[in-house]
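Naming follows writing order (A, B, C and D), and every chain is counted from residue 1.
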Amino acid sequence: MTVLLEVSNLHTEFHARAGLVRAVDGVSLKVSRGECLGVVGESGSGKSVTFSSVMGLVRSPGQVTQGAIFFDGRNLRDLSREEMRAIRGRDIAMTMQDALTALNPALTVGEQLAEVLEAHDETLPTGRTARRTAIRDRSVEMLGLVGIPSPEARLRQYPHEFSGGMRQRIMIAIALACRPKLLIADEPTTALDVTIQAQVLELISDIRARLGMAVVLITHDLGVVAEHCDRVMVMYAGQVVEEGPTDQVIGAPCHPYTRGLLASIPRPALRGQPLTPIMGQVPDLVGLPPQCRFHSRCPLAQPQCLVEVPMRDAGPGRRSRCLRLEEMA
Amino acid sequence: MKALPRLLMATALVAAPALVPVAASAADLIVGFTLDADTLDPANHRKRETETIIRNMYDGLVTRDANMVVVPEIAESITQVSPTEYDFKIRSGIKFHDGSTMTAEDVKFTLDRITVDGAMGGQTSPRKGLMGPVASVDVTAPDTVRITLSEPWPILPAMLPNQQIVFKAFVEKVGDEGLATQVNGTGPFKLAEWRKGDAVILERFDDYYGGATDIPPVGPACVDRVIFKIIPESASRVAALLAGEVHIINELPAFSIKQVEANDGTQVMTVNGTRSFFIAMNMEGEYFDDVKVRQAAAMAIDKQLIIDKILGGNAAPIDGILSPDAFGSSELPKVGYDPEQAKALLAEAGFPDGIDVTMDTEGAFKDTAEAIASMLTNAGIRTTVTVGEGAQLSDKWRTKGAPKSGDMFFTSWGNGSLDPFDIFTPTHRTNDRGNSAGYANAALDALLDAAAVELDVDKRRGMYREAEMMINADQPYVYLWVPKDIYGVSKRVTGWQPSADSRINLHDACLN
Amino acid sequence: MTDAALAPTSAPAADSLFRRNLREFRRNRLAVASALVVLLFVVMAVAAPLIAPQDPNATDLFRRLQPPAWIEGGDWAFPLGCDGLGRDILSRIIYGARISIFIGIAVILLATGVGILAGLAAGYFRGWVDVVIGRIVDILLGFPYLIFAIGLMAMMGPGLVNIVLALAYKEWVIPCRVVRGETLAVRELEYVEAARALGAGPRHIMWREILPNILSPVIVVSTIRMANVIILEASLSFLGLGVQPPTASWGSMVSDGRAFILESWWVSTFPGLAILLLVLAINVASQGLRDAFDPRFSE
Amino acid sequence: MSLGKLLERLIQLIPVLLGVSLIVFVMLALTPGDPVQIMVGEQAITPEQEAELRRDLGLDRPMVERFFLFIANAVQFDFGQSFYHGRPVADVIAERLPATIELSLVALIVALATAIPLGVLAAIRKNSIFDRLATVGSLLGVSLPGFWFGILLIMLFAVHLQILPVSGRIGYASEVPTVTGFLLIDTLLAGDFAAFGEALRYLILPAITLGLPMTAILMRVTRASMLEVMRQDYITFAEAKGLSHRRVIFRHALKNALIPTVSVAAIETGSLLGGNMIVETVFGWPGLGRLVVESIFLRNYPLVQAAVLLYAITYVLLNFVADILYTVLNPRVKL
């Protein structure tokens, strides 16, 4: 499998009123074609900002300050705004947590679908009527693909006229309209009922298989990752703390944070045992000293942890950011 | 974001053609005027401004010349047959604007419409009061109208310029309501268009009979059109004059005189006014029941300083109610400016520490009232000015004898006829309509009543002199001044001068 | 699994947040400068007798329309010139700050107070309360502002208190509508539901839960309206229904001076600038405060 | 827009109009000052004449009776005779109304045409110099007293530069047949483009003076709501779709951001209509506002009552328009 996206040493900073916030602090990652990468972490861990950076959607006062983002052989950071715009939506697409807020309430579903095609699809005919028909056909096809019944009629409807699950599907249809090579799904299920969560995830997996695209699944739900992702990457306080094949990371985590995360999920296998939340809270990202960031909450913390800890290999395809990773096996 | 500048550009382009000025016609004389006419019906209004506009389209039996002398206009001659009977011989060949010939019947119709109760579609003319004791109007010959009074009323000729002759057949055709907006008069101008609230546009009436023979030139008007343009705000009115947009403005503020004079092409014209300004002191109140306090107030005010500084010298000081130009006015004892003496009088009256009083006035006179208040304060009559709204104040002060509150009232009374009957009686007779001071003097009442019907001019003059001396001693009011009417006039205007009755008659005006 | 399970949060110490906000505000130089200007005006108003060079009400007709000091005919004892009665314009501006600030604040406080009560009640209780308040609001809004105020002034007669009342009678409608709308939006939010579930009474919910969260738009609207109120007072003066002489309010000074504007521009220009400066400063400072303190606007 | 909802609106109008009428009535009743006395002024009048005048004006009846009489007549669009004009109140108002509406609409258009672009620009260039200038400018706009600013404009453009007229609606060289009463329309109907240009020239200064505070308010509203909208997820999502910046701003952001702007504009138009007597006075504009204020001072009860009723109807109708626009812009709301 060839590498589709390679991010190295990415830094994204926000100039907040309290000081400089290093929301993404030296993140490196790879996504191969067709692969599904799970990205896990608490709110504020930098997982969403990392991929906003990839898409070039970091808003002021945020700024990508360092690092390279290679996508399909091109460094996205070197591209002009216009070139970047051409990639967004066509090659890299994104879905957001809540389709209710992500879809424009004032525009019909049809228009929101059509405009992506209009913006990117060069295969569309140039004649006015022919073009319109082509766009309509494609829109109908996309809505069909994500499982919206009687798509033709529903194109004329507004987002608020759909149920939550349907909206999520529409958003996915919009994201996928141009058959992107990479889909970044940012918490695709958080806003949904449990029953619908599964359907949406199935849909993504299903389409991924059919279109052969890569997916980055940003979530804080390790269960989702376990079920759908080839590899997983765990982030904490702006840094990657552990990454590796999903089954291995979940089966034998080699960072205390991953372990903590796992211990806090109810699992059938551990029924009867008390859940153990991670004590303490995510550190303030302002003015962090160069030391292990999990240190304050880590059950294994030792005085020597107060140094900057690099990512280290922890077996084939696995890496971890812990001084004591050898002791964890 | 290029669209935005483009949008702004487009807006600018739309506006651009509008920037080319459109020249006004050379023969339009434009008057920047404070108020629009309420109506164009000469018999259905009570406003001086309305009459000023109407008077250029309608003529009366008589009119006034520049010196306020009453001269015949539509009438050829006036004969007083008896103390209560006047004969008016009507000129022949006078035409209404539609070409019809005016007859004595029209004169009778006009005067009946004003004096007979309910003559205006069930309503009575609001101008009836101006016609005093008129009992009947009769056509005694084809060219003669006789006015019969129920009692002698010597000022009838002086009051008649205020009534203009309408066309009977026309009124019967358009109705009283139609007459409010349509004009078919005998005046030098006919109505072209009334843009309500904006302007009244008049056109020269070419078949005009020529106007009063005593006021040359006689003949059709000089300018093609006359436009009364309504500009209520004084700064805007002055600006319009300076910009050459209008040729005559009324009520030029005194402080703008210098600017109008300094400007090329404009000048200031003044005429003695007819409105007396005074301060009423509530003689039923706790302080001003004492003549000493009233005299103290009169002494505390430096009239001449206010006239010089605030009114730009454009006023005549008065020591009684009458204007120096009015019938019966005479030199009276002056109350000099003497604040020390005022304080002494206050002390004599039992107020060695001074008194605290308020002075009511309308917003328009705030400036002057404040200046007066500070002078009074300096003399121990510590005065606070209260600015009220006209209707409220007249409710409070013109009570016709009902009890009144308040200490002082800075106000004025008009006297367009310059006859004392019009101003002396209402402001000084016991419980009369303008007696804001609450002055009650039976001797004066008797004198005023007798003077009103006295036919001997010299005797009448003497009676008013006597009355003036009475009030000069009693000092129910502080008599202040009679301001001049000030006009700003373009130097292009010739043949026009302001008139003391505040009318703007444009028959003789030309524009170079 | 929720975030809360991962990170049991405890609110950061309120004190440090406040200080941080204050620090943030202080960094906004324009806002700080504006706040200082507002403060300056307030100090000026309070200390007027100490700083005014002249008696603001002392007339001297010999100084009528005397120009500012730097123009020929001026005098440094009367730096900004004199008005139509020869009173010192600077001193009148200094004293006038008292009246203008008083009218602005009094009207806004009164209106905002009533508006908040009515708006909260309408938005929270809805039903007939909302209908009744809504009708009153509609009826009052049906009146043009100035005409309503003129009518009231004609009815009540002149006086400072009456001006405040005449303006506040209608002004309260504006905060009321804002509060009602915000209350309707906020009352359905989770934390309010939570408070209700915990058995909090309407009063507690309105004052403790809803009000603090809707205060910021109310404050914003109020500051904007304060400018309007000061101008409305001037407009009443323009029509002869303003504050009573010899008291100076900036509004009445501007409107009294308008007659002289063609030849003695200083009479209305300086008080006009004072209005501009104060209103501008209030607005800029309040915007700065909001930027610093309103959590919705911080990233 | 269902018919039922329209009907409901109209029914809602009734209590508002009744309330407004009642308030005006009570206000006038409590206001000192007697119309008859004001009318008579300094002239002599006998008690009989005065009683007759009072009867002519209908002032001899008790207040309550007058109120119900007014309502009964108003329902038939009869507002009585104006005390001073000798004509029906409805005629007098109708003559003044077009000037007021024309000025207000032009001011509204000027305000919208400048406020929306400036507000959008200020929002998308937040914190830029332009944004700061626009903010300060808008604050200046709401802080300028109209009568003062208007006279300054007259001094500059009419007296010194002499490129615009001081006062009035149109020059006297142009004679335009009255069809609608709106000069901009009547001149075009007459095909008289010179007169159209002239009418426009007369409109510029009053429209700017009147529209300035509204421009400032609308700009602030547009900027604020634009900023609010730009923070929304759907804008991020639109950007993630690779749409052009233009499309994101105009199609996605503006359409939502304009909702509050339009509401505020509709409401503010009401205050334009009712609040311009100051501008009318300064520019000698023959509108209704000036007439109403004069009528209050002169206690011309029928005119004040009718005019206030008209204002109230306008206000309700404008709200109605705002509601319709709201639905057009915001499909989530169904009327």
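The working rule: a residue touches a chain if its C-beta (ideal position, glycine included) is under 8 Å from a C-beta of that chain, and two chains touch if they have at least 3 such contacts.
All values derive from a computational prediction rather than experimental measurement.
The set of chains touching chain A and also touching chain C is given as D. Taking the mean of each chain's C-alpha atoms, the chain whose centre lies closest to the overall C-alpha mean is D. Put simply, the C-alpha centre of chain B and that of chain C have 44 angstrom between them. Work out the mean CA point of chain A and of chain D, and you get 53 Å between them. Put simply, the C-alpha centre of chain C and that of chain D have 24 angstrom between them.
Per-chain Cα centroids separate chain A from chain B by 86 Å. Residue positions of chain C touching 2 or more other chains, listed in rising order: 154, 157, 239, 258, 261-262. Residues of chain B in contact with at least two other chains: 235, 239, 242, 389, 391-392. In chain D, 31-33, 147, 151, 155, 159, 297 are the positions where the chain touches two or more neighbouring chains simultaneously. Interface residues of chain C facing chain D in the complex, by the touch rule stated above, are 30, 135-136, 138-139, 141-147, 150-152, 154-155, 157, 224, 227-228, 231, 234-235, 238-239, 251, 254-255, 258, 261-262, 268, 272, 275-276, 279-280, 283-284, 287.
Across the complex, chain B is touched by residues 57-59, 61-62, 64-65, 84-85, 153-154, 157-158, 239-242, 244-246, 256, 258-264 of chain C. Across the complex, chain C is touched by residues 12, 15-17, 19-20, 23-24, 27-28, 30-33, 132, 135-136, 139-140, 142-148, 151-152, 155, 159, 217, 220, 267, 270-271, 273-275, 277-278, 289, 292-293, 296-297, 304, 308, 311-312, 315-316 of chain D.
The touching residues of chain D, counted against chain A in their complex, run 232-234, 236-245, 247, 251-252, 255-256, 329-332.
The touching residues of chain A, counted against chain D in their complex, run 55, 57, 81, 85-90, 93-94, 96-98, 101-108, 115-116, 119-120, 158, 160, 171, 174-175.
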